[in-house]
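As written, the chains take the letters A, B, C and D, and residue 1 is the first residue of each chain.
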Amino acid sequence: MKSVSAEEAVAMIPNGASIMVGGFMGVGTPERLLDELVRQKKTGIALISNDAAVPGKGVGKLFEGGQVSRMIGTHIGLNPKAQQQMLANEITVDLIPQGTFVERIRAGGCGLGGVLTPTGVGTLVEQGKQKIEVNGKTFLLETALRADFALVHAFLSDYVGNLSYALTARNFNPVMAMAADTVIVTAEHIVPVGVIAPDHVVTPGPLVDYLVANG
Amino acid sequence: MDAQTIIARRVAQELRPGNLVNLGIGIPTLVANHVPEGLKVFFQSENGLIGTGPIPEQGMAHPLLTDAGGKPISALPGAATFDSAMSFGLIRGGHVDITVLGGLQVDAGGHLANWMIPGKMVPGMGGAMDLVSGARRVIIAMQHAAKGKSKIVGKCSLPLTSARPVDMVVTDIAVIAFPGGKATLMETAPGLTIAEVLAVTEAELAIPDMVPEMKL
Amino acid sequence: MKSVSAEEAVAMIPNGASIMVGGFMGVGTPERLLDELVRQKKTGIALISNDAAVPGKGVGKLFEGGQVSRMIGTHIGLNPKAQQQMLANEITVDLIPQGTFVERIRAGGCGLGGVLTPTGVGTLVEQGKQKIEVNGKTFLLETALRADFALVHAFLSDYVGNLSYALTARNFNPVMAMAADTVIVTAEHIVPVGVIAPDHVVTPGPLVDYLVANG
Amino acid sequence: MDAQTIIARRVAQELRPGNLVNLGIGIPTLVANHVPEGLKVFFQSENGLIGTGPIPEQGMAHPLLTDAGGKPISALPGAATFDSAMSFGLIRGGHVDITVLGGLQVDAGGHLANWMIPGKMVPGMGGAMDLVSGARRVIIAMQHAAKGKSKIVGKCSLPLTSARPVDMVVTDIAVIAFPGGKATLMETAPGLTIAEVLAVTEAELAIPDMVPEMKL
């Protein structure tokens, strides 16, 4: 793990990269990295994020300048800009069930090729997917999802990158921290090694590539 | 009593001690305000919490503690937080006893459409498909009609949320269940006759010998 | 959740039941429930447990009186009694890779039909299993696993069954607590509601059916 | 220097700063004692711990803190614990940089057999198959021969652990790697000639122009 500034961290991300961003309606999103993505005008982003948040918050900021070219998520209904760009075919959006979204990312991070889920069987979601029967029940085969980068927000990080999360800001962060080639983390508090008890570490340090230093 | 209160209060009667309950946005959220005195249930928020409490007092909200809409909530003693993989493991795995969701249409076979209107409203399904596929009981809480049109239809014209039928629909004028896969009028709202309910219902409803009024 | 004695808890388990037991070489195993299974002479047990522990410890105790008729696990090499019963065909043992074992149980608890794993491809483990190709890579389809009962050992339980675990005694307990029809828990310490911080709860109370009262 | 020390010390040279390392039982466990001074690596124990430390002092062992063999260990500052799903997510997902395992046979194509001898030894594969399938680098640490028979064979006669070839084999007399899928002699133990190594090796080994001695 290396310590970097937000500017240095985002400078590593090329235009056109696939980026997972933690957070649920902007809660638990690494806001400083989003601000820096906007400031450095990164474009052509393939965004993997649960939702499009709201304008001016979290990943919502990326839609204002047209920085997203493609998105995989579960809900974009509260960001009119994202809605509008999707309906105008300016961006491609794959909307998938939330349980499927998180399992695909988990599979990507855990070396699984995919999972069988009952969710989506008999709906539009099943289009183009393999159906597999197990013990007489039908499931969809949903394949693993990975990204070039994961932007993760933790509550605590220690000096070696052990992370813990707070309340509902945990959400997609721990699974995304396993599913990307490069993992960049911001934390509300950076603390000495040993402050986070072993049983309370959710994301072990070896998963973290870069920790953004606090100001 | 207004329509929303009728629905929320009637749905709340379905809760049993110790149930793990997931409430959707809109009318379903109101159910939490009508839990019978002394009944202990656990409310799950699918963004990662069991034990959601009421909106915090002024100055007590925390930005990292919100409901699935991103609005501040509180947590009750004994609350538990977890990541989204766990949250949907609970949902898909049948650990949620009851989910209460809104609906756009429910058809005579109990199939629900509640996530998109092609070309008009395409917000994404969020957690709805997993909830309907995985929760032990699915209760739809919605107005019986919208813009004068019955939302209880013969066959859903909108895209389905799940192939799995719902268990119960509670509207402002009726309770409908699906014994044997057939939409059946179980209760009417106070003061309404069976004929009045049928007159504003598109789907054909089976009528049992006894159709009591809701006890609110 | 109901509070019961160990005797009452085990009395609910019929002969021939499938039982998941948490623990890794006996560490994190609900020892008091195992003792009670022995005392009540339950037989024909279909045991789902990572290993056979060692004689006299954890699930190892069940082999001494021939109480196990079938086992699914990953390693039984340190329990000579279990080895001997398997080689004599007195019990049927399905030995499967440990990562597959835990994912099958997790799938069972999370409503998934199964997962695709690369582990076992090209080995004896692939026999009789469906092979599925995803993006040019071959995976085995491993199906979900559930049981009638899960016997779980926690470090802390509060009065409503919220559980946390200690150190390496966590192992298979949290996934098993999701994958059985009836979940019975012992805890080293039973504490008032609120003692376990929400962020430190690993198994939420609604998953627990019975908590065994301490002496 | 005895055979085990040669192997453990040579394997330890493969560790890089910050590596997440999983050591199997037997000779691989000894690698932890030979980590070069000042090199920081993380050791994982697959029963749910990153940051394993040495055997605790008398009276300091805790029954809930053990290695994968059930033996008491300690944990270093900065250790993290987790459940088995996470532990094998780390292993299968390529997050473990190096695993060091024992072997019964490795063949000319780098295939490993290390988990059973049909009819004789059927303990179960435990985590071995996941480790060989998922770790970024797989290093086999074993004696070159057992009971006078080479363990580096033309083709494994015992059941394979994985279809994925290992990256390196370190024995008491040689280091073998598999560039282009072909067993190649990379180093010999101090004082041994290439011919002496080949004489006790069943598999055909490619011989590069330079075959240095191990630097221990």
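To be clear about the criterion, a residue touches a chain if its C-beta (ideal position, glycine included) is under 8 Å from a C-beta of that chain, and two chains touch if they have at least 3 such contacts.
What you see is a predicted model, and the numbers here were worked out from it, not measured in a lab.
Any chain touching chain A that also touches chain B appears here: C. Steps from chain A to chain C, minimised over paths through touching chains, total 1.
The geometric centre of chain B is 34 Å away from that of chain C, both derived from CA atoms. Annotation: 29 Å between the Cα-based centres of chain C and chain D. For this pair, chain B with chain D, the centres built from the Cα atoms lie 55 Å apart. Multi-chain contact residues, meaning those touching two or more other chains, occur in chain D at positions 49, 75, 81-82, 85, 88, 91-92, 133-134.
Among all residues of chain C, those that touch two or more other chains are 103, 106, 110-112, 117-118, 165-167, 170, 198-199.
Interchain contacts (touch definition given at top) occur between A-B, A-C, A-D, B-C, C-D.
Within the complex formed with chain C, the residues of chain A that make contact are 103, 107, 110-118, 130, 132, 134-135, 137, 139, 141, 143-144, 164-167, 170, 198-200. Those residues of chain A that touch chain B in the shared complex are 24-28, 50-51, 53-54, 73-78, 83, 86-87, 93, 95-100, 102-103, 106, 117-125, 155, 165-175, 202.
The touching residues of chain D, counted against chain A in their complex, run 18, 20, 42, 49-51, 75, 77-82, 85, 88-95, 133-134.
Those residues of chain A that touch chain D in the shared complex are 1, 106, 108-112, 158-160, 162, 178, 193-194, 198-199, 201, 204-207. On the side of chain B, the complex with chain A involves touching residues 45-49, 62-70, 75, 81-85, 87-88, 91-92, 121-130, 133-134, 159-164.
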